[in-house]
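Have a look at the structure that comes next, please.
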Amino acid sequence: MKKTQMAKKLKFKKQQNKKQSQKINKAGMAPGQFIFTGEQKTEKTLIQLMTYNNEQIVEESFNTIDKALTAIDQSQKTAWLNIIGLHEVEITKKIVEHFNFHKLSGEDILSVGQRPKLDDYEHYVHLVARMFHLEQNDLVDEQITILFKEGILITFQEREEDAFELIRTRMKEGKGLIRSKKTDYLAYALLDYMVDHYFIAIEHFGNSLEDIEVELLSEVSDDMLPLLHHKRREIAYLRRSVFPLREAISKFEKLEKPFMSTEIKVFIRDVYDHTIHVMEMVTVYKDSVGSLLELYMSIISNRMNKIMKVLTIVSTIFIPLTFVAGVYGMNFSNMPELTYKNGYFITLFGMAVLTLLMIFYFKRKKWL
Amino acid sequence: MKKTQMAKKLKFKKQQNKKQSQKINKAGMAPGQFIFTGEQKTEKTLIQLMTYNNEQIVEESFNTIDKALTAIDQSQKTAWLNIIGLHEVEITKKIVEHFNFHKLSGEDILSVGQRPKLDDYEHYVHLVARMFHLEQNDLVDEQITILFKEGILITFQEREEDAFELIRTRMKEGKGLIRSKKTDYLAYALLDYMVDHYFIAIEHFGNSLEDIEVELLSEVSDDMLPLLHHKRREIAYLRRSVFPLREAISKFEKLEKPFMSTEIKVFIRDVYDHTIHVMEMVTVYKDSVGSLLELYMSIISNRMNKIMKVLTIVSTIFIPLTFVAGVYGMNFSNMPELTYKNGYFITLFGMAVLTLLMIFYFKRKKWL
Amino acid sequence: MKKTQMAKKLKFKKQQNKKQSQKINKAGMAPGQFIFTGEQKTEKTLIQLMTYNNEQIVEESFNTIDKALTAIDQSQKTAWLNIIGLHEVEITKKIVEHFNFHKLSGEDILSVGQRPKLDDYEHYVHLVARMFHLEQNDLVDEQITILFKEGILITFQEREEDAFELIRTRMKEGKGLIRSKKTDYLAYALLDYMVDHYFIAIEHFGNSLEDIEVELLSEVSDDMLPLLHHKRREIAYLRRSVFPLREAISKFEKLEKPFMSTEIKVFIRDVYDHTIHVMEMVTVYKDSVGSLLELYMSIISNRMNKIMKVLTIVSTIFIPLTFVAGVYGMNFSNMPELTYKNGYFITLFGMAVLTLLMIFYFKRKKWL
Amino acid sequence: MKKTQMAKKLKFKKQQNKKQSQKINKAGMAPGQFIFTGEQKTEKTLIQLMTYNNEQIVEESFNTIDKALTAIDQSQKTAWLNIIGLHEVEITKKIVEHFNFHKLSGEDILSVGQRPKLDDYEHYVHLVARMFHLEQNDLVDEQITILFKEGILITFQEREEDAFELIRTRMKEGKGLIRSKKTDYLAYALLDYMVDHYFIAIEHFGNSLEDIEVELLSEVSDDMLPLLHHKRREIAYLRRSVFPLREAISKFEKLEKPFMSTEIKVFIRDVYDHTIHVMEMVTVYKDSVGSLLELYMSIISNRMNKIMKVLTIVSTIFIPLTFVAGVYGMNFSNMPELTYKNGYFITLFGMAVLTLLMIFYFKRKKWL
Amino acid sequence: MKKTQMAKKLKFKKQQNKKQSQKINKAGMAPGQFIFTGEQKTEKTLIQLMTYNNEQIVEESFNTIDKALTAIDQSQKTAWLNIIGLHEVEITKKIVEHFNFHKLSGEDILSVGQRPKLDDYEHYVHLVARMFHLEQNDLVDEQITILFKEGILITFQEREEDAFELIRTRMKEGKGLIRSKKTDYLAYALLDYMVDHYFIAIEHFGNSLEDIEVELLSEVSDDMLPLLHHKRREIAYLRRSVFPLREAISKFEKLEKPFMSTEIKVFIRDVYDHTIHVMEMVTVYKDSVGSLLELYMSIISNRMNKIMKVLTIVSTIFIPLTFVAGVYGMNFSNMPELTYKNGYFITLFGMAVLTLLMIFYFKRKKWL
């Protein structure tokens, strides 16, 4: 099982590396190009539209982005357009052009492996965060981009599993404030949901760490060293995925826009609190990994100590005895002791006494 | 005894974990839901009301929150409503609605495991801190929420032991300024009392650390390593419970409210000083744990050194002697020394000389 | 191959040292002297001029700087003057005087080994950054100075390989915004291009680190220690080449100049984001090197542990057996066991039993 | 002698602990209570008054605080009231009430173990710092509180040795500016004097550290480890006694009071400089203790290395030789070599050659 | 040679200690006393005056300070008064009084071992920095104080070697801007010159570090440990001599004085850049020392590993063989093997096989 676990981790790690490395292909290109830097994770791009207000909510799926954009233009309600899968670059391009978004926004949507951030483009807001899922007890993450302005909010996801199913359900059931509020509140609700998932990711990490600790205290094995070093990298990855979010949320709170109400601030402050809490937990587990590594090395060191004690005790008792035996094994013609009637027994007795003395010595030294 | 101590610690640790993990159940829920995330620590919720002014003080208990709220509405005096036990969610909900508190406040009251903080909601103040008790020589802590506005202050506690008995006594005896002041002063007094209890917790931690140090210097044992690593986690928990309080108190000092007098500032500054002092002590003990861990490893290393010396001395003396004995134990037909009359005694004498030389060598090397 | 790799690294390191050490020759000189502190890296200084606007683009090369300056003066278009090779000091001097640049600017152009920075001289901007190239799988870097003002931008490079070929191609093909914008956008485009090359350098570093890790986990060798310590120095060099750039770009964004448009800000913010991303990756790899060093030491420690176990097992089994053999090798005249018919076989059997007991003991201790 | 030194240290440490622990008794009390938290260090409280101006200076002692207060009220000169010994709480209380000081000030005077600080109470200033004395080559410290306002400065000391004798002498001799200045300058002079004593304390610490280093490099002993760990705690105590002073002095410089002249600022800046210098020295010695601990561990490690070398050399030479001797000690009936005339001598010669080869091998390996 | 090097270092270190310790004698003294705290480093104080403007430059030496001051008063040109040697306290006193400098300035001039700083005394500026010289391949440093105001600049040096000879030559030759500028530019030029000398000091340190590294990688010796720990202290001393300069230069740039021109700012920014560069190099070498210490410990650890391997291989091969020999050396009367014709040769053959098996085992374990 541990083998499998390690294999998974390495897969996780390779994903991270890939994300960071794709940037390089773009050296020398003009900024604002529509190029997808990730790997395709869905077969077909899904285009989902939800239009809602306090009285009514409509959910639709579209085959082409053009139809979806027309539907948005014709609706009087608040619209949430959800795009899943980024490899069909044309879709992103059309959205960006339709809503007059900046082309740097467009580039960022398709550049997966972004740090969480919030960019303020006068007439709309561009927000990036990471969503963590547990997939068969394994952490996967994807980049979520949220663009919102007066009346319309657009989300871009990398992976097919719909990140926001629960939010959607809440909206359809009319629970909470979400239906009676505008896109600013929806953006907040999505962000809050993602931060809640950070808790799940960190919880998962913490549990695996606790398993390691329990195992460590019962029996040290060799493969724990690379495992712990891998854990260190994992928590560092989580750290980098969370810490920049703090600044993004702080910017969010300070935004002054016609499409943002003042009563949203208190909700943003709440999600900010949660983010700080997540950061604190990340720091706790980062320290824990360091602690476990130290503990591992200490246990190894302790064991060495015990092994050396055994060697020293055995050697220290038998080496002198063997010497005595060696002396009486010499072939000198004139060795009076050899002819004594009880020479042999006296020697054995002497050896026994010597042994007892040494055992007594070791007892006093607390080695036994 | 040590076994018991360890067991207790692990219990303490599990409590902490639980607090941090309950958050996750709320992923996808609308914000501001009244859901208690802790475990029930009292059988029945206690509802205590104290109304007071300079002339008079009345203390009452209620079965239902409705009666308590009516009593508050009818009283002309300053009111302190104290709720012990959070599992009956309806009580919190009614209080929040009665006083028109924000529903995010309500959620925070029931979300135990919050970081200490102060939130400023225009017409009232929401303050969170942690209270540490010593229970049978064991640290337990609970979340205390204080909400206060013009004329009314409400405290929410998790555990049955009344945290603020001494304050209550002081008020009934009319000692100090508390009776002639408003809710701002009462909030300060409660905060000051909690900070005083941080000293008790840290004192307790420091004492247990001193015991470990004394034991460490007299005899190193194996179970100290996990114990010290556990201590590191404990002080980190204390650290996280104290450090955010500084910012909360600093916000408290800067509040400008109609229900806050200017003369309260100097008192807040005093409790701020105490908090800084507590933080300093936490830092000292954090460093101490690190120091003890290093000391432990050094002592282990030192002992290894001594064990190796014994092994080396015994081996270095007897291995050559055993070789000599081996030589004269060979069965060559022509070995002239064997026939010498004093061959045996000369050999023994030579061995003795060799031994003395080696002892002299070790003395000079300061190994003996 | 590893030998070659190490040799390359040392070459890289020596280059760095040289850059830092040349400063000293200038102690006592007046500031603003035109002295080239690097080593000559091109045979002949190349003087390239590109004049462009939205309709037209002209690319020329000149033998003398005077002709180039005349051409610039006569052109109505935006001009980009590119100087490759700094050893002909007169060229720099003439440029500085022609455009009325500050003589401290002139000195800085020729002082290679500068930290990245942006200096604001009222009527023009002086920008320094480092360009990293991969040359036969080996990292080389050079200092790039960019001076720009109304209508003219000048770049100074150390090395012959043209750093900006791709940008030039883009301009000639009329791709992107660059042709329709002024020198501020060109400066941004060059900076963006250099930051993209930081990704290449870091990617390269990361790959070499991954190779080391793979090797480390399969087999530890002695030369890894100096290699890892060398890697630590390399990443520190990258760190120093990147981190100051952040402040320079931040200054760039805040500049208020007649020759800078407001719409450039959003592009600068984008390159700022990339720089932060680069810094994050540098930090990740810095931590990785530290981690690998720790891992290396832990593996060494683990191996020692195993070696000691083998020694202890062998010694602990055979030393007592050898003692028994020694006892029955003694030459006492009266040793009854020696005359027993099966004495030898009983002794061998006893030895076998002793051996099995010890093997059982080691099994229980998990040493085998 | 070392024993005595250690004993002293532990005494010092216990004092520190006591200071920190007394706070806890006050949990639940109203703020501003007059309770002395230290231990009585003088038999009788000394009440000393010095009234002075440019022309005249009068020094008096009083039995009761009432007489002293009357004398102050009647004097037209600047007054310095010096209280030594804090256990007679009534004295502090009367002073606080007489001059209308805040009761939190009163509490702080009697709470020894305060961090250095400066509190600004509108009509007066409350300043706390620590005074270090060398007492029989041993560091002791006490809390000094300075309260000053228009025309009157009051100092509170814990210990009988008069901290400020030299200042008093300077005043009586009319040296320096002190006589012609007001209480602000006197406060500065006292502070400057205390900072000068920090230098003495740090100097003392540094000397003891140098002694340890010299001893460490000549011979490592076991008791150095706890000693160095104790030193680490001592320097941390000094650090905590000095670092908060910086902020206090910085506040002092920024005070705007009718009883503070503008020309005092340059003097405060000077004492601020000295404090920074002290902090720098504390940091140096903190690093030194860390360095010595590392050096200690390295020396231990080095010694182990040498011990192992000796063991390995002796074993590696004699174990094979002993084997050879063992071979020819076997009792096979048919062992041709045993009957060779020079078999014994050839064997001895072979052993000698083997030994020389091994010695050569060790030489080449640089083990000898 | 290494011995001599170490001796030099210790001398250097003692100088540092002395500088820091002299402060203590002044405890209790009035501030602003003229007391020289260093050791006399010149026989006679040198008093040099240079008066200059754009047309003319005059250089003079004086026996008494009074004559020099008269000459300054009578000159219409900009004056640079250079004092070498501080032990004749009267000279400093007369200068301070003549120009109406603050007496705290006077005290600071004579208090060597100051941190670099810039103090702004309304009508003049007080600047302190350290000058590093290479004296016979050995670093020495001195405190340089620069006071400047309208028309006059005064430098105070500790050591006879004239620090500023090259500047003087430049001025006499009329090179650079210095002759046509005022005292602000001269102050800048001196500061720039001192910062250039920091590069020399750091270069020197870096070279010695490189020598150590080369030696370390070829052969580890015992005296490297104290040498590296000494290097750590040296770089910390350099660090403390450089880092505060940054703030001083930053203050310099912000000064607004009638005797400071606005065009000086760009020059100060340049020297500020150099200081940042120096700080960066100090940080690099600080990290390098730490790295070398770690490398040293790792190499020691690696060697131990190899020594243990040799011991284990030799023991593991010969201990079992010796046991076999011991068995056949037993004297049982009934040991059938002993009488076999080829018993001896079979045994030898068995031993050879056993040896080969073990060598094969070690090969597989990569120990050989």
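In order of appearance the chains are A, B, C, D and E, and numbering begins at 1 in each one.
To be clear about the criterion, a contact is a pair of C-beta atoms (placed from the backbone, for glycine too) under 8 Å apart; a residue touches a chain by one contact, two chains touch by 3 or more.
Protein identities per chain, from UniProt: A, B, C, D, E = Magnesium transport protein CorA.
Only a predicted model underlies this, so the values are computations on that prediction, with no experimental measurement involved.
**Student:** With a step meaning a move to a chain it touches, how many steps does the shortest path from chain C to chain D take?
**Tutor:** 2
**Student:** As a quick test, compute the distance in whole Å between the mean CA positions of chain A and chain E.
**Tutor:** Inter-chain centre distance comes to 43 Å.
**Student:** Could you tell me the distance, in whole angstrom, between the mean C-alpha positions of chain C and chain E?
**Tutor:** Distance between chain centres, rounded to whole Å: 27 Å.
**Student:** Send over the residues of chain A in touch with two or more other chains.
**Tutor:** 301, 304, 308, 311, 315, 319, 322, 326, 329-331, 335
**Student:** What is the sequence of chains around the ring when one begins at chain B and proceeds first to chain D?
**Tutor:** Cyclic order starting at chain B, direction chain D: B, D, E, C, A.
**Student:** Give every residue of chain A touching chain C within the complex, in rising order.
**Tutor:** 17, 20-21, 23-24, 26-32, 102, 104, 107-108, 114-115, 117, 119, 121, 219, 222, 225-226, 229, 232-233, 236, 240, 293, 296-297, 300-301, 303-304, 307-308, 310-311, 314-315, 318-319, 321-322, 325-326, 328-331, 335, 337-344, 347-348
**Student:** Which bits of chain A are touching chain B when the two form their complex?
**Tutor:** 166-167, 170, 175-178, 189, 192-193, 196-197, 199-200, 203, 206, 217, 266-267, 269-270, 273-274, 276-277, 280-281, 284, 287-288, 291, 294-295, 298-299, 301-302, 304-305, 308-309, 311-312, 315-316, 319-320, 322-323, 326-327, 329-335, 366-367
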